[in-house]
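One chain, subunit A, appears in both complexes that follow, with subunit B as partner in the first and subunit C in the second.
Now for the complex of A and B:
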C-alpha cells in the first residue's frame, strides 16, 4: 500500500485535468439529453401502455422487449456502424445520445407504465366526474401521482443511463472513460486514470442513490386510511 | 431461399467461435455471480457490523461502477501490481464482481422479506440459527429470490458483450471482425446492419425466453 501511494502519480492527473474535465462535460451532456429524452419517451409510451391505446401500445411493447432483451453495446454498434451502411450517416455525437436515449426510453416506458397502473382507478374516475377531459385527467391526476410512484425506478434507470455512457468508448466518442483510456494509452499510467474514473462515477452514482432514498421518504404517498 | 455468399462463413465464425466463447463466459460469470452473491447476501443479514460494512462496501463499489470501468481496472490497472489476467478471465471476473453485487442485494431483500414470525416459529420449534435458516428461512427466501435472480443473470449474459472491448472473440467481437473483413476484401461491401442485426437476434433468442420465465416465476412463486 505504501509503495502504491509512493508511485501514484498525481501530476499525470493534474496535467491532464483540462482534457478529463472536457470528457466529463461530454459525459454529462449525453447524460442530460438521455434523461430528458428517455423521460419523454417513457411518459408517452408508458401512458399508451397503461391505457392500452391500440397499435401504439403493441408497438411500444415490442420496442421495450427488443431493447431490454439485447445488449446495449450491440445496440450502439448497430446504430453507429449499421445505419451508415444503409445510408443513414450519423455523427458520433448523434449516435451517442440516440443510443442511450432509446435504451433509457424502453426502461422508462416500463417504469411509468407500472407507475400509471398503480394509480387507483377511482382517482381517475373522480377527475372525470369533476369534468376534466381524459387528457387533463392524465396530466392533473395520473401523471403527478403515477410519476411519484415511478420516481425511484426512473432514477435507477437514469443512473444506468450514466453508466451506459461509458460504453461510448467503444465507438470512440470522447466522453470521460474514452478520454481517460487515451491518456493511459500514451502515459502508461493506467492505475491513475482508472482511479479518476472510479472516483468520478462512484461520486455521481452514490449521490444519486442517496437522493433516491431521501426522495422515497419524502414522496411516498400517504398511507390510505 | 438463397443467401448471399458472404453469409455462411460469417455465420459459422460467429456461432462456432463467437457464441461458444459467449456461452463459456456466461456460464462462468453467471455461476460466480450466483454463488458469491447468494453467500454475501445471506451474510449481510447477520448482526455482525464489521462483516456487514465490508459486504456493503463491496456491493456499492461493484454495483456503482460502470462494468466496463471494472473490466478496464482488472485488465489495464491491476498489471501495475503484477496481477495479470487474460482478456477472457479479466472480463469474466469483472462481470462476476458486478453480478455478485447485484445478486447479494437481491438476496438480502429476499431474506429480509421473510416475516419475523417465521424466525420466532422456527426458534419455538427448537431450531438454532443454522437450522432455522437451512429449513425455514432460506427455502422461503429462495422462492422470492428466483425471479429477480433470473433477470439479473440475463443481464450478466448480455453484458458478456463488453468483453469485445478488450478483444475477447465472443459473439460481438467476431461480428466486428467479420464486418471489417468484408469491408477490406473485394467487393468491399458493408454488411454491418445485417451482421449486428444478427447479433441482436442471437441475444434476443437467448434472453427473451428467460425474461418470460422470470415473469412467470414472479406470478407463480411470490
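Now for the complex of A and C:
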C-alpha cells in the first residue's frame, strides 16, 4: 500500500485534467437530463398507478417490471445495438440519456406511487369536498404531500442514476468513467485514474446528499397535532 | 505354423508402431526438418523456474480478433497467435496441451501481464515506445498496417477525409492515440472490443472503423456492405509482451521465435489460419528466413502526422 501511495503520479492527473473535466461535464449533463426525465415519468405513471387509471396503469406495471428485473447494462445494449435493427439509429448521447431516463423512470414510478398512496385519504376527500376537480386535487393536495413522502426514495434513485452513467462506457459514450479508462489504457496508470473516479463520484454524491438533506428539512411535513 | 505367423505379426506391428512413434517424436532438441537444408538452429535456454515447476505455459491471447486470436465454433481458442502459443508449448514440454490460454482485450492485456496473471501475452500487441517503457517486447512476429473500414457508400477515401467524422476504434489502441495526435477534430468513439466497433459502423453510429488490416480485411470480405479504403498507415510490427525484467522468459521466447523463423514456420501458421484468397495479401507480413522486422525505436509513429 505504501509503495502504491509513494508512486502515485499526480502529473498524469494534471496533464489529463481537461479531458477528465469534459468527461465529468458529460456525466453531469446525462445525470441532469436523467433526473428531469425520470421525475416526469415517475410522477405521471406513479399517479396513474395510484389512481388505478385503466390501461395506463397496466402498461406502467409491465414497464416497471421489465426495467426492474433486467440489468441496466442489458437495457443500454438493447437501446444502442438492438434498436438499430428495427430502424432507430441513436447517437451515443441520445442512447445515454434515454437509457438512464427509462431506468430511473421505472424506479421513480414505484417511489411516487408509494408516496401518493401514502397521502391520507381524508386530505384528498377534503379537497374534493372543497370543490376541487380530481386533477386539481392531485396537483394541489396529493402531489405536494405525496412528493415529500416519496422524496427519500427518489433521492436514492437519482444517486443510482448517477452511478449508472458509469456503465455507458460499454457503448463508448465518453463520460467520466470512459475517459478515465481510456487514459489508463494509454498511460498504464490504472490506480491514479480509479482514485480520481472514486473521489469525484464520492464528492458529487456527498454534496448532493447534503443539499437534499437541507431541502428535506425545509420541506418536512409538519407533525400532526 | 499358426503360432509363427502370430509372432511375426506381433513383431511387425511393434516395429511399425516404434517407427511411427519415432517420427512423431517431440522436439526439445533440434529436430531435423526435410524442407530446410542444414540450418543451424539455436539451442533453447532453460525455462523460467516457475514455468518449469508448473510444467505449463499460461499465455494471454485475444479471443475476439480473427484470424489471430478467436474462439472457433467448437469453443476452442484458435488463430495465428494461439498457434504460436501452442508451438511454444510443444517446444518447451513436448506436447501442445501443457498450455492455459487466458482471454485478454486491448485495454486489459498489459495489466494482466503486469499482475503476473500470465507468463506472456501473444495478443496482437503493436510496439509503441509507451508500451516498451512498461513491458518488454520479444522480437517481432507479425507486421500490420492500419486501414479504414467504411460502408460501401461512404465518402471517406483516406485519413484526410476524417475531419469532423466519427471514427471508432478500440480503447487503448495506437489508433486512438494517432487520432488524438493527428486528427484532432475527428470525433473518436472508443469501445472495448472489435465486435462493438464493427457494429457501430454497420449501424451508422460511426463513419469508419480504424484498425489493423488483418482484422478489417476479414470483416470486409465477409460483409458485402463494408469495404476498405486503400489508405495504409502506421505499419508497425507486433511483438510478444513479457514482463519487464523477466529476462529468462524473454531469452526463451526470442530463441523460440528465431527457430520458428529459420524453419519458416510462420508462413505455415498464416496459411492454416487464413483463407487461401487472402494469403497473398499477408504473406509479406510474417517473418521468414530472409524477412525480419524491426521496431521503430526512438520514433513515435502515432505522433507522426505526415502523409495525412
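In this text, the second predicted complex is superposed on the first by the 211 of 225 C-alpha atoms of A that agree within 3 Å, B and C clash if a C-alpha of one lies under 4 Å from a C-alpha of the other, contacts with A are read in each partner's own complex, and residues count from 1 in each chain.
As a working rule, a contact is a pair of C-beta atoms (placed from the backbone, for glycine too) under 8 Å apart; a residue touches a chain by one contact, two chains touch by 3 or more.
These figures come from a predicted structure and were not determined experimentally.
After superposition on subunit A, the partners subunit B and subunit C are accommodated together without colliding. Once chain A of one complex is fitted onto chain A of the other, the partner contacts of A:92 are limited to subunit C, with no touch recorded for subunit B. Of the two partner chains, neither subunit B nor subunit C is touched by A:133. Judged by the number of subunit A residues each one touches, B leads among subunit B and subunit C.
Of the two partner chains placed by superposition, only subunit C is touched by A:178; subunit B is not.
When the two structures are aligned on the shared chain, A:74 is found in touch with subunit B, with no touch to subunit C.
In the overlay built on the shared chain, the residue A:58 is in contact with neither subunit B nor subunit C. When the shared chain is aligned, subunit B comes close enough to touch A:164, but subunit C does not.
When both complexes are overlaid on chain A, the residue A:84 reaches subunit B and subunit C alike.
For the combined arrangement built by superposing the two complexes, subunit A sits at the apex of an angle of 60 degrees to subunit B and subunit C, based on C-alpha centres and given in steps of 10.
When the shared chain is aligned, subunit B and subunit C each come close enough to touch A:190.
The overlay of the two complexes leaves subunit B and subunit C separated by a minimum Cα distance of 5 Å. Put simply, subunit A uses residues 81, 84, 169-170, 181, 184, 190 to touch subunit B in one complex and subunit C in the other. Considering their complex, residues 80-81, 84, 89-92, 169-172, 174, 178, 181-182, 184-188, 190 of subunit A touch subunit C.
Subunit C contributes residues 106-107, 110-111, 114, 130, 134, 168, 171-172, 176-177, 189-192, 196, 199-200, 203-205 to its touches with subunit A in the complex. Partner subunit A is touched in their complex by these residues of subunit B: 60-61, 64-69, 72-73, 76-77, 79-81, 154, 158-159, 161-162, 164-165, 172, 175-176, 179, 190-193, 195-197, 199-200, 203-204, 207-208, 211. Listing the residues of subunit A that touch subunit B in their complex gives 4, 65-66, 68-75, 77-78, 81-86, 162-164, 166-167, 169-170, 177, 181, 184, 190-191, 193-195, 197-198, 201-202, 205-206, 209.
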